[in-house]
Amino acid sequence: MPVTKVLIANRGEIACRVIRTCREMGILTVAVYSDADRGALHVRMADEAYCIGPAPARESYLMMYKILTVAKVSGADAIHPGYGFLSENAEAAKLFEANGITFIGPRPESIVRMGSKTEARIVAIKAGCPVVPGIQETMSDEDLAVEAEKIGYPVMVKAAMGGGGKGMRLVKNAEELKSGLPRARGEALSSFGDDSVYIEKAIIQPRHIEIQIFGDQHGNYVYLWERECSVQRRHQKVIEEAPSPHVTPEMRAAMGEAALKVARAVNYVGAGTVEFLADSERNFYFLEMNTRLQVEHCVTEWITGLDLVKWQILVARGEKLPLTQDQIKLNGWAVECRIYAEDPDKNFMPSPGRISFLRTPAGPGVRDDSGVYEGSEVSMFYDPMISKLSTWGPTRLDAIDKMRSALGEYRIGGIRSNVAFHEVLMEHEPFRSGFLHTGMLDKPFWKKKEVGPNLKFAVAAAMVAELDDDERRASQPVGSGEGKPDAWKHWGKFNRL
Amino acid sequence: MPVTKVLIANRGEIACRVIRTCREMGILTVAVYSDADRGALHVRMADEAYCIGPAPARESYLMMYKILTVAKVSGADAIHPGYGFLSENAEAAKLFEANGITFIGPRPESIVRMGSKTEARIVAIKAGCPVVPGIQETMSDEDLAVEAEKIGYPVMVKAAMGGGGKGMRLVKNAEELKSGLPRARGEALSSFGDDSVYIEKAIIQPRHIEIQIFGDQHGNYVYLWERECSVQRRHQKVIEEAPSPHVTPEMRAAMGEAALKVARAVNYVGAGTVEFLADSERNFYFLEMNTRLQVEHCVTEWITGLDLVKWQILVARGEKLPLTQDQIKLNGWAVECRIYAEDPDKNFMPSPGRISFLRTPAGPGVRDDSGVYEGSEVSMFYDPMISKLSTWGPTRLDAIDKMRSALGEYRIGGIRSNVAFHEVLMEHEPFRSGFLHTGMLDKPFWKKKEVGPNLKFAVAAAMVAELDDDERRASQPVGSGEGKPDAWKHWGKFNRL
Amino acid sequence: MKRTLLIGKETHDVELLRQDGVARLIWDGVEESLDILEVEPGSWSVIMGGKSVDVRLDTARNPDPDVQAFRATLYDAPYEFALQDPRKALLAAARGALASGGTLTAPMPGKVVKLLVKEGDLVTEGQPLLIMEAMKMQNELRSVSEGVITKVTTSEGATVETGSALITVGPKKA
Amino acid sequence: MKRTLLIGKETHDVELLRQDGVARLIWDGVEESLDILEVEPGSWSVIMGGKSVDVRLDTARNPDPDVQAFRATLYDAPYEFALQDPRKALLAAARGALASGGTLTAPMPGKVVKLLVKEGDLVTEGQPLLIMEAMKMQNELRSVSEGVITKVTTSEGATVETGSALITVGPKKA
């Protein structure tokens, strides 16, 4: 299947990311945009652009028939879904393929099977990939006690009808189970109207570690090592890195092979990610599979030197994977911070609005994947991501120190961002030490910093700005001058030697 | 010797480059600046900044005593000279060291010995490093004929007093030599008042290939592979890349060992570059040694994953080289374009002035080392370099295609730049094929492009801009509004599906 | 220019002077010369005592209109603070004084431009009582409580000193 | 708005229309609708026929003041071109006509605002002869040669048609 013109059914940084690779490959790009995105960066960067409706995603970016129409009108022969939106929508994949347009993603069947958590767990078990030990059926207290012994304490008692952390109870030994079960059933009954419970092995301070895999249409598979995404806030990834400070070469190989078992079981094609929970003893358990390119693919690109979007396109064209497992490099360390328009001082409330000023970090080992520019709007209709800032260094601490430095260079005006939050994280000892777990940010470590040593400088600037403003108002009609000053406003003499 | 606060005796991109590494290492930085540079980026980025005099470099950046005074006043314990200015000034290095300040560069003796071309040639010969075969003494026609046979034709007859390409004559065989010598002597006499000539092996379409070396204070040496810098305009490097498309693993090892022989011969410490000429049969000949960090060190950083400035500081501290030769990686391919404020349509005349608009490329595999920002001035007092744009890819063509794409994203307003010139080069078949030589740009391949296919779009924008201007003038007092528009000026309906 | 710096619970007296091409900052009485340049619109390069700091300045919303709040982004961290014109602070304090004593006094030297009420008028909380010109600005002084005007002790055009009684507001009779 | 596009040795007639919220570009007679947005000051996002092009626009110096030169940076390449107001071109042509014929004629309909010379006056090359209002602008029409005014065939306030004779300049007698 030729891929000569790609429609990107997405917006923001990932649309821009895909456009860049297409350009380098000499492939034309087609952007789609909602009314809110007429001036968005992906529209400016693409070779073609078509409006697909009002701002709400349900009326635009999620409208698969509109997108199909644009593909037909523009003559696109492939669609890249990015992440989110239609990327894990099997119906959309089927629709596009049925209309002769290559979907740059896995086969619809793979999306369906991995889309169901219970089905995915069964696939993993059958494939021989470890899952969190437990029984998924409900049974009597006595049978549960027997199973708990088999699984090994501590175990988690979970309400069958529960979800989102509700109706969960940690149990450390047989006695606690005996006394706890009646109470757990009582709570389950009052909360969910059903007293069924099941048990699962409790993983204390789990790490979220995921394996990037790739498959082609010829049955070849490779894994591109792991990413650790344990630094989360309310189950949202905040910082990702590759490799993981927790993973040994043996664990890496074992996790990679386990991930490929799952991929093979569903004849997976393209880029996919198998997510695991890992405990402190380096046991790991299948969590789910994401059947798309991940937000955090950049860190894998840094350490492997590969372009994952290019690989997606090559595979979609029917080509074989360009490398075999033993040709995949693991070089240095990469860290990624998700820069959001949100206010860490106000409980991370989104801060949409116009970006009045923007200077992004640069230099060796720094990569900024952005979907915005100075003057553009962070819309309230979509994910408030500004960019993904990633850095690379020969060692983990090199990458972290580089990130701290790059964050310091970041300047965003007009809206609030979480840059300062990341700066504090880069100096946070538990993070630097590499002892990560998914609950590490639950206790809010973020508070306003002590006043730093450079307050005087900031205040001096503010006073000069106020005085200049006053003088401007006093001496000139409002708004004279052509916007930017064409001569520096300079105060003070050079202290020349 | 501790290095806790570094004075950077330079400006522009290299000063910013050094500041970034210092920050990552937790080392404080001191900037120096001339009157013309009060608002320069390196002054904004450094922790401290001191004015050292008027704009002309002779009265500021080259004033070693002023710089020493700043080092003393600020308590800097080391000085990084960057490239140019004082970087190869042995007197400055001696002065700083004599005053207890570490010079981040080689020993003054190494600078002196390599600073003299004739001395450097003798060092290389004694060390067993190949030089361009030839006799440097003058002799009779008959003796020259004998020597020419030994060297092998073709040979170059050069006037002893000549220079800069003048008084050179290519001779292909003994007969041509016999008839050519009298004429060469005649020309030499009339041009330089001396009829002495000497002969050297003629290298046809030579390549400029250089080896990056590093030495520490403990006698350890490594070479960090080669860079090819054959794409030159008037003997100035325009594009650099690493590795070289011409170099085989055997040639690489041979060149690396030859370079280290020279380095060892002068007890070289720190970062240095041994430059060679190479012919089409992969013979290579010592040209000279640069006893400093090179402009083009970025491409070596890309392929090795090392931070050369960090290594310079580690070595200056007295530490051993962090890696041995067999630990040095060679990963993929990197290309660098020097972005200058110059007008390719006007014979590359410098184009100083205020940068009214600046958007630099970003994304995977793109690095921009800049010393400017939107609103800053490109001064007529210094090198008109805007930035060094470098890209990396798994293969040479990947890196070139990425560079072409990155150059397309570059937007510079207010001054002219050579971005479009580089864009044409990236599509220039002789460059893409890798058959490079130092004269490849002598025949001007640069001419104005045919009008591209997007003229209509540019004209439409210009017409709307003119009309908007007219309307603004008609309806409002001049210059009302606060500079930037806070709402988009939008014409035309969305062609919504 | 004098300002009161408000940061967290701290306050500092700061003053900026410009004379003969030299700028000086006086911080709680300690003077330092500074070199400051607006390098980009809203971005300032500040050099003081050799230290160089790049300051990105944004104004922030502040509930009190007499106080200008700033958010500055520096390499090390963001800084949030506010600057208050000390003369404005005096005005604000005066409004508080009325609440307790019932008599509005002149917060600083100035001129009564306009009286907006007369004796016997019923006034509501927040109602403007008079306009006073001070610091080249016209300031509306408002009533902080409901009540009745019991005394007007000034007149339009009068020049008043700090502390001069202007208007007294008494309790409204039921 | 009509313009003559000058690029290299080519010229094109281009016209831009805005009506009912729709913008159209007429290029040598062929019409196309366009969607154009100033995304940053001086940067334009242009969508025409589905194609999307980001245009960075800078004005360039041009020796001829009647022509506005532009330099546009696009993803593919820079474009240099100039736009000339065809009415200004007519004016420019008129000045040329005077040089050959000796008689200044009205380059387009308009009104003579002011006569700056009278019969018998000696004039130098480039000296303004009269001011004519056309296209809502006052245009100074100048002499292209040294000479003497032999005839004035119009008057202040006169409305003139294209081609009306205005002033004749004859050779200066030695």
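First chain written, first letter: the chains are A, B, C and D, and each begins at residue 1.
The working rule: contacts are C-beta pairs under 8 Å (C-beta built on N, C-alpha and C of every residue); 3 or more make two chains touch, one makes a residue touch a chain.
Quick caveat: nothing in here was measured; it's all calculated off a predicted structure.
Between subunit A and subunit C, the least number of touch steps comes to 1.
Two chain pairs are in question, B-D and A-D; the one with more C-beta pairs in contact is B-D. Per-chain CA centroids place subunit B at a distance of 47 Å from subunit D. Between the CA-based centres of subunit C and subunit D the separation comes to 56 Å, rounded to the whole angstrom.
In subunit A, 38-39, 50, 356, 373, 375, 408, 483-484, 488, 490, 494-495 are the positions where the chain touches two or more neighbouring chains simultaneously. Of all residues in subunit D, those that touch two or more other chains are 35, 37, 39-41, 47, 51, 75.
If you check the complex, the residues on subunit B that touch subunit A are 16-17, 20-21, 23-26, 35, 38-39, 50-53, 66, 69-70, 298, 301, 305-307, 329, 331-332, 354, 356, 359-360, 362-370, 373, 375, 392, 394, 398, 401-402, 404-405, 408, 477-484, 486, 488, 490, 494-497. On the subunit A side of its complex with subunit C, the touching residues are 356-357, 408-409, 411-414, 420, 423, 449, 451-468, 483-485, 488-495.
The part of subunit D that touches subunit B in the complex is made up of residues 1, 3, 5, 7-8, 10, 14, 16, 18, 21-23, 25, 27, 32-44, 46-48, 51, 53, 55-58, 68, 70, 72-79, 81, 83.
Listing the residues of subunit A that touch subunit D in their complex gives 31, 38-39, 43-50, 73-74, 373-376, 483. Interface of subunit D with subunit A (complex): residues 35, 37, 39-41, 45, 47, 50-52, 54, 75.
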